[in-house]
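Pasting the structures here.
Each of the two complexes below includes subunit A, the first together with subunit B, the second together with subunit C.
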Partner chain A sequence: MSEAETPLLEVRNLQTHFFTELGVVPSVNGVSFSVKKGETIGIVGESGCGKSVTSLSLLQLISDPGKIVGGEILFNGEDLTRLSNKQMRKIRGNKISMIFQEPLTSLNPVFTIGSQISEAIRLHQNVNKEEAKEKAIVMLKKVGIPRAEKHYYSFPHLLSGGMRQRVMIAIALSCNPQLLIADEPTTALDVTIQAQILLLMKQLSTEYQTSIIIITHDLGLVAEMADRVVVMYAGQIVEQNNVYELFKNPKHPYTKGLLNSIPKIHQLKDQLESIEGNVPIPSQLPAGCKFHPRCAAALEKCRFQDPPLFQAKQGAEVRCWLHQEEVIGV
Partner chain B sequence: MTMTNETETNHDCLLRIEGLKKYFPIPSGLFGKSKQFLKAVDGVDLFVKKGETLGIVGESGCGKSTTGNTILRLLEPTEGKIVFEGKDITRLSERGMQKIRKDIQMVFQDPFSSLNPRMRVFDIIAEPLRTHKAAKGRVLEEKIFELMETVGLDRSFVRRYPHEFSGGQRQRIGIARALALKPKLIICDEPVSALDVSIQAQILNLLLELQKKFNLTYIFIAHGIPAVKYISDRIAVMYMGEVVELAGKEELFSHTMHPYTSGLISAVPLPDPTLRERNNRILLEEDFPDQTNLPKGCRFYSRCPFRKDKCKEEKPLFREVRKEHVVSCHYPIIQ
Partner chain C sequence: MKKYLIRRLLQLIPVLFIITFVVFVLVYLAGDPVSLMLPEDASEEDREALREALGLNEPFLYQYFHFLGDLISGDFGTSFRYSQEALPLVLERLPATFELAAASMLVAIVLAIPLGIFSARKRNSFVDLFITGGSVLGKAMPNFWLGIMLILMLAVNYQIFPVSGRGTFVHLVLPAITLGTGVAAEMTRLIRSSMLEILHQDYIRTAKSKGVSDTLVIFKHAFRNSLIPVVTITSLQISHLVSGALITETVFSWPGLGQLLVQAVNGRDMAVVQAAVFVIAILVIVINLITDLVYRLLDPRINYS
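After this line comes the complex of A and B, so read on.
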């Protein structure tokens, strides 16, 4: 991170809250990270920790009763939280695209896949119908749809889950975005199909130098795909580091616990350690460190004082009082 | 089949299924009066020894749940034989099955929908005990507290409803209910797939602990190799209604023979970035046959990276290639 190069995306202290009848839900509570050009960031965490709300916030797609109540989202130096809807529409699907978990619900069932890609292309590029179609077919081929000219006229329900996700990727990449946000892009797919989709994303990101934010609950997927990893817990980042260090030297007790609780198929024998207790509900967060009720190493302090993000050894940023002594500078 | 003959005389064998088939009729449209079938389970031979865990793994739609449900006769088998404790239960009457169901319990994937939302924890766990008139009054109450403790639920939760619990806690309730009648066999159908990562290990370890404590036998069904590998002693890999490979856990991983098993294992993302460039991965193509009109040869033909002409023409037999390691492939991978 020593380069003078400014990151493509810089999220600073993002706070997105939901104002429900039962009270304020601080779904995302002070999240900061950045993404460089060509870099793949993995955001990992369990159900409800705020991964999707983070990604929807980046695209300004939070609707009532949710609101971004604080922070900045700098994309090419421009704060997206200050843009009008109209300005944001020009960025979405163009410079920043997104793919979601369930490709069937994000494709329109009454239009052919070809017309949906063409439309996406024409929305942001100054091309005529014929050119859009040509480009669409090129994209379909690129993402590995067999007989692309024929499938151009297929309706989404005729394709398998994996093929539909390929189409979504084709749409997402058709405008050459600088940033692709993939929220659980393979969770609904079988593992052999997932492997193909991940490979495709890797190849395309190398080819186009697209930056990717990949959101998942699967630590394995992050280990395969990401350059940097952001671990979230209860609306906050608890640890972030480059992927090799994070897996070699996990620091936060939650990160360690997660790594110890997944079965390893490349080791013949393994013993799982589980993290006791349950994932907290965001409307009923504990005081102090959000993880302390489940933490075997918790100190007295952890019950009352929410730790800040410490700069620790090996480049890690850790939200944990145990790593306080490792502070390097501020 | 040599494998089943071997166990015929084996007293350790708790459950054996032979040539099990379950075909679902496909509602025919306007055309074609000829009845078509979806062969969800198509000739499965398996046995489960007392006290062991047999894992069944395979991707969506390969017939895992149908196999489990047919064993319990929640679905009527189309063909084949189900033998439990030496007794053929394939055509047992509903009354006869009632007794067997005390001994075979099920834990389901979705703890959210498998628990009646209008029942309190007490009544959910009590239900099987009441149905089988196994306990009432104080005894019932004591039993329920004991079961809750066994699965790690605080007894103060006893009056609560399922929606007041997290996914992992609900799965514990489901397990307590399954344990209530002291079953011999528990069929776990994706018991951890819907749970958070940090909770999955809790439930897997709980299942292992209970197995030791009560000498339970499990059939553990899942689509994810890692969990199956962790908990099972032997593993059956299913593909399109058939078991394509079956072996002890260590044998299966150290001497994987079926190209599908190999593809399934290498598709699992490993939580170790230093292994990401591993080049021995087998990537499977995405070319599935029509499940209602299966090819005459090997069902894996269209996706197999090693297919040969013979595979298209001739269906491979399920045969023992190494000791206690059975595979249905003309050209098993030999390491």
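After this line comes the complex of A and C, so read on.
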């Protein structure tokens, strides 16, 4: 990060916990990262590590029994956690928008897709009904919906999953946001459609200078889309670096494990590795390093002492006792 | 849409046949009307003569087709209690019943929508518990008991409302509350549960992520969807409304179809019973058709084939 440029988004020590009947679930436990203008960052990690909770926290959309219990979310220097509900609504869909994993259920079945796009436009822009409709049709064309004027009046169930995700992108980008959060935007789609949707997101974000947070467990997708990568494990960031260094010089044993589990062309299938064991349930985290029960390189220390985030070589930030060069955070 | 309507209407024809048959069999099984029509000391010859004259000695199917023939010309026979044709007698009671039904639906809707939404939003709070408990109670209360209690408290003790009869707006209040409470209770429960389910849907999260206000999320995005199951199940509740109307009208001497039917059954005025049951059956069918259409208007995912 260059010193002069303040990042668009800076998350500092975010903590989101769920207060369930069975106890407190610390789903996100001290996450810090930042996103510069025009930058795309990828958040990766296994299922349940807190990626969705992190992204919903950014928009203050965590619902009961969840609560942001600590940290700051600085967006253009303003702490979103301190905003009133009303102020926050002016940001949602306008400055920060979100695309979800489930295109089939993310659109309201009883309203036309056109009205769902216009609604977002009218909420944040001072336009009348007709102008909103025109803008919505422009957006539909931009995201590649054929016969946009006609499909403006279609109900969601008439469209395929890929088309619906395009509509979601149209909604998300309709107010020209500064930040787009895409939570596994292509997981539910066919491979060919996946590529189209990603390409579309990339084109539009370049056109509009939108920063993107893309959440996924697909490392191939990260390699293609992201400038920086954040690796999460059990509600914490275990490693982050720019995409080139992270793939070339992974530091954390978990990151190495993740990378080894992607098939490569020159590898035979049976050489594929997977990480032994399962992600711990956030309510039953082990003492010490959260990853040590699954870590082949674990030291004695790892069992008792939770490692802080270290600044390691090649610009990496790593939460691992094996890379204890310089402490930069907790 | 048009095709669908036509098909639905054609489907009614066999249903109507079944209804006429059931109505006929009911009366056929109810026993010999002759003993009621003649004085107790009538001779056996007189009875036989009357049976012959009424066609009661003909075979069952013959009697049924004869009955059908009369029906087609709108003739349900003559009420011996009122010495009038049965069908006009029944039809002239309809406005009173419609008035009561509309007023009690209004009571139900006005109570159920806010209560259901409120208790879904404040799930598991004290208020929710109170509303949910109240709706269980409201459903469990029999119409006749609630009607009598209301009369005792608000018409006899405090004399705010008239005890019975129809005429002004104040006459309508107690019967409408009596009949509306049960429906309101059921609707509240339904709206609450369908709202609860819908508030967890992905499209609600999408709406919020667009910056839609909480009020609009509830009343525009969620409520419209929650009506779909509510309308479906409400149409299944219509039979309860009908039986409730019979009792409520009787308790309040409300001069509607229900009261007429109960009196006719008690007096074995079979022509009126037949006409009333037939008209009620048609009403239920029409209401079902209407709710079905409303349901289709609410849910664009349904197609008409």
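Here is the rule we go by: the second predicted complex is superposed on the first by the 317 of 330 C-alpha atoms of A that agree within 3 Å, B and C clash if a C-alpha of one lies under 4 Å from a C-alpha of the other, contacts with A are read in each partner's own complex, and residues count from 1 in each chain.
One rule holds in what follows: a residue touches a chain if its C-beta (ideal position, glycine included) is under 8 Å from a C-beta of that chain, and two chains touch if they have at least 3 such contacts.
A quick note: this is a predicted structure, and the numbers were derived from the prediction, not measured.
Undergrad: Count the residues of subunit A touched by subunit B and by subunit C, then name the partner with the higher count.
TA: Of the two chains, more subunit A residues are contacted by B.
Undergrad: I'd like to know which partner A:Leu199 touches here: subunit B for first, subunit C for second, both or neither.
TA: first
Undergrad: If you stack the two complexes on chain A, which partner ends up touching A:Phe100: first (subunit B), second (subunit C), both, or neither?
TA: So A:Phe100 only meets subunit C here.
Undergrad: Contacts for A:Arg303 in the overlay, against subunit B (first) and subunit C (second): which applies, first, second, both or neither?
TA: Touch status of A:Arg303: no partner.
Undergrad: Which partner does A:Leu259 contact after superposing on A: first (subunit B), second (subunit C), both, neither?
TA: first
Undergrad: Which partner does A:Glu276 reach: the first (subunit B), the second (subunit C), both, or neither?
TA: Only subunit B is touched by A:Glu276; subunit C is not.
Undergrad: Report for A:Lys150: first if it touches subunit B alone, second if subunit C alone, otherwise both or neither.
TA: A:Lys150: touches no partner chain.
Undergrad: Hey, what residues of subunit A end up touching subunit B and subunit C alike?
TA: Subunit A residues touching both partners: none found.
Undergrad: Provide the residue numbers of subunit A that touch subunit B in the complex, in ascending order.
TA: For this pair, the touching residues of subunit A are 46-47, 160, 162-163, 190-196, 198-199, 217-225, 243-244, 247, 257-266, 268, 270, 272-276, 278-279.
Undergrad: So in the complex, which bits of subunit A are touching subunit C?
TA: Residues of subunit A touching subunit C: 59, 61, 85, 89-94, 97-98, 100, 102, 105-111, 119-120, 123-124, 155, 157, 168, 171.
Undergrad: Sort out for me which residues of subunit C touch subunit A in the complex.
TA: 201-203, 205-214, 221, 224-225, 228, 298-301
Undergrad: Considering only the defined contacts, which subunit B positions touch subunit A in the complex?
TA: Subunit B reaches subunit A through residues 59-60, 166-169, 196-202, 204-205, 223-227, 229-230, 250, 253-254, 263-276, 281, 283-284, 286, 288.
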